[in-house]
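Take a look at the structure set out below.
Order of writing sets the labels: A, B and C. Residues in every chain begin at 1.
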Amino acid sequence: MAVDQVDPVEPAPDALPCGRDPLTVVDDARAGRISAHSRSCEYCQQAIDEDRLLATVREIEAEPVPAPDTLLPRVMATVFAELRPGRQIALPAVGPSASVTELAIVSTLRHHLDELPDLIVHRCRVRAGEPAGELRPEGEPALVVELTAAGAYQADLADLADQVRATAHRVLREQFGFDDVRVDVEFVDLFTLADGGD
Amino acid sequence: MTEPSAADPAVTDDAVAIAAAQAAIDTPGVTRLVPAIGYLIRDAVSGLARQLTGQQLAPETRADPDAVEVERVDGALRLTIRIVATGTPPVLATIGAVRTAVEQALAAAFGLTAQVSVLVVDTAWEPDASPSAR
Amino acid sequence: MKVDEAAIDGAAAPAPRRPVKPDVDDAVLVLRAQDGDPRAFEQLVRRYQQVMFGVAVRILGDRDEAEDVTQNAFIAAWRRLPEFRADAKFSTWMYRIVTNQALNQARGQSRRPRPADRETLEAASGSWASTTVDADPERHAQRAALLAAVRRALAALPDQLRVCWLLREVHERSYQEVADITEVSLDTARGRIFRARQRLAEEMSAWR
């Protein structure tokens, strides 16, 4: 956000001759708050009267102009053509002739985790685990999943974390053949379940 | 890309890509193909199409050959196909099905054998998530 | 506890209400979209396309141009998502992109301020521009004339004043948000809104 230079052509609104700020006087009047001063002040009253004239203008301009049906599909056509799928990860069962992107794995996980009623997934990231090396003598599992989420206020978060991990492990095995996985879950927020409809 | 190889003078890379793309998109579990440089083409096309028709975006080509990368290495044909999978059947099974379908299509159409790799760019859990299907 | 109407009708006992997750808020959709999820971005577009198109069409006065600008703005947002600070408000950011693009478009063609064309006017003004003649044709004619006067008054405002007025008076953004969206100081934003109101009041004074 650029801070405007001091602009001699565009001063802040001058106070009304009575000292009040015209924007505030008008905003208050619209909200039905007219101070004792404004009630009897000709300058405030003029500002308020002028604003009443403009109520019609506001009404007219606020009439919605329906967005065209073509807008959303056009945007999404470009979005789907400009995916940022992340790195490619080879599937262990098949080898180099089959890979999936980080995005493919995350989309799959999100879809299944969204079905858990007590969970709203925030960030979900996957990466190939680091092999054994100087910094990590044991190495990491082949796939590491790191996700943050909000849990239902009424839920037991430890249980919920277990559910998340169990779901993630099952889905990754069934869909992609990943067996060697670590799932890290961090709860960053809570939410309240609303009363449902039918 | 369009040069026929010395070994197969009749079959261009484009023809291979077209046949492979069709076989891939027709495989159950594949909802669409993902072109590698599609966005450059798409912006130009959508602007032009809109000017010409004033109406709908030009429909996406479902069996998009730009989603197939064709390489010839030591006379052997290697393909990489970029897909979006639906997850039903499981992605692993879909990958196998795509490879089989493409191998069979190339053998049937051109008598060619190929090494087929599949890259799953994304998964989509609706029956057909491509914008053109809406 | 609400009474279940099925029970009153003597149907089977009502199933217990299943609690539902609240709608995902913008901030979470943004996080997901930043992770690369195009479907989360689509939900953001669905939420905001009407509002953003509304800004563009009021600035440009032309539906087709407004659609192009709005479309480009959302695409720009998708491309710039990786740099978006997730603790900022998505709506403010989107407003800023759309406003900038619409103003650039408006300036780029050296446009004279002009009343919106008839088609845009009718689409935009709902009941105000209804072509069904009132039972009272004189009242109808008066309303049409008022509408035309409003159009002229708004078109006569310099772009910068009109935009600030629009964001404050129609989109109900706070003064600080208007400043953030138009990338000026708070004082400048307030000044523009004040002068826009003044000028509009002058133009509309004949309708007192």
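Some notes on this structure:
In this text, contacts are C-beta pairs under 8 Å (C-beta built on N, C-alpha and C of every residue); 3 or more make two chains touch, one makes a residue touch a chain.
Not measured: the values here are computed from a predicted model.
Here A is the chain whose Cα centre lies closest to the centre of all protein Cα atoms.
Ranking every chain by how far its Cα centroid lies from the centroid of chain C, the top place goes to B. If you average the Cα atoms of chain A and of chain C, the two centres end up 19 Å apart.
Computed centre separation for the pair chain A/chain B is 33 angstrom, with centres defined by C-alpha atoms.
Centroids of chain B and chain C (each the mean of its C-alpha atoms) stand 40 Å apart. Along chain B, residues 122, 124 each make contact with two or more other chains.
With touch defined as above, residues shared between interfaces to two or more other chains in chain A number as follows: 70, 74, 76, 78, 80, 82-83, 85, 103, 107.
Annotation for chain C: residues 38-39 touch two or more other chains. Interface residues of chain A, counted against chain B in their complex, comprise 70, 73-74, 76-78, 80-83, 85, 88, 91, 93-94, 96-101, 103-104, 107-108, 111, 174-177. Every residue of chain B that touches chain A in the complex is listed here, in rising order: 34-35, 38-39, 42-43, 46, 55-57, 60, 85, 87, 90-92, 95-96, 99, 115-125, 130-132, 134. Those residues of chain C lying in contact with chain A across their complex are 15, 17-22, 24, 28, 31-32, 34-39, 41-42, 45-46, 49-50, 53-54, 57-58, 63, 66-67, 70-71, 74-75, 78-79, 82, 120, 123-128, 146-147, 150, 153-154, 166, 169-170, 175, 179-180, 183-185, 187-188, 190-195, 197-198, 200-201, 204-205, 207-208. Note for the complex: chain A touches chain C at residues 1-4, 7, 10-13, 22-23, 26, 50-51, 53-54, 56-58, 60-68, 70-72, 74-76, 78-80, 82-86, 102-103, 106-107, 110, 117, 120-125, 150, 152, 191-198.
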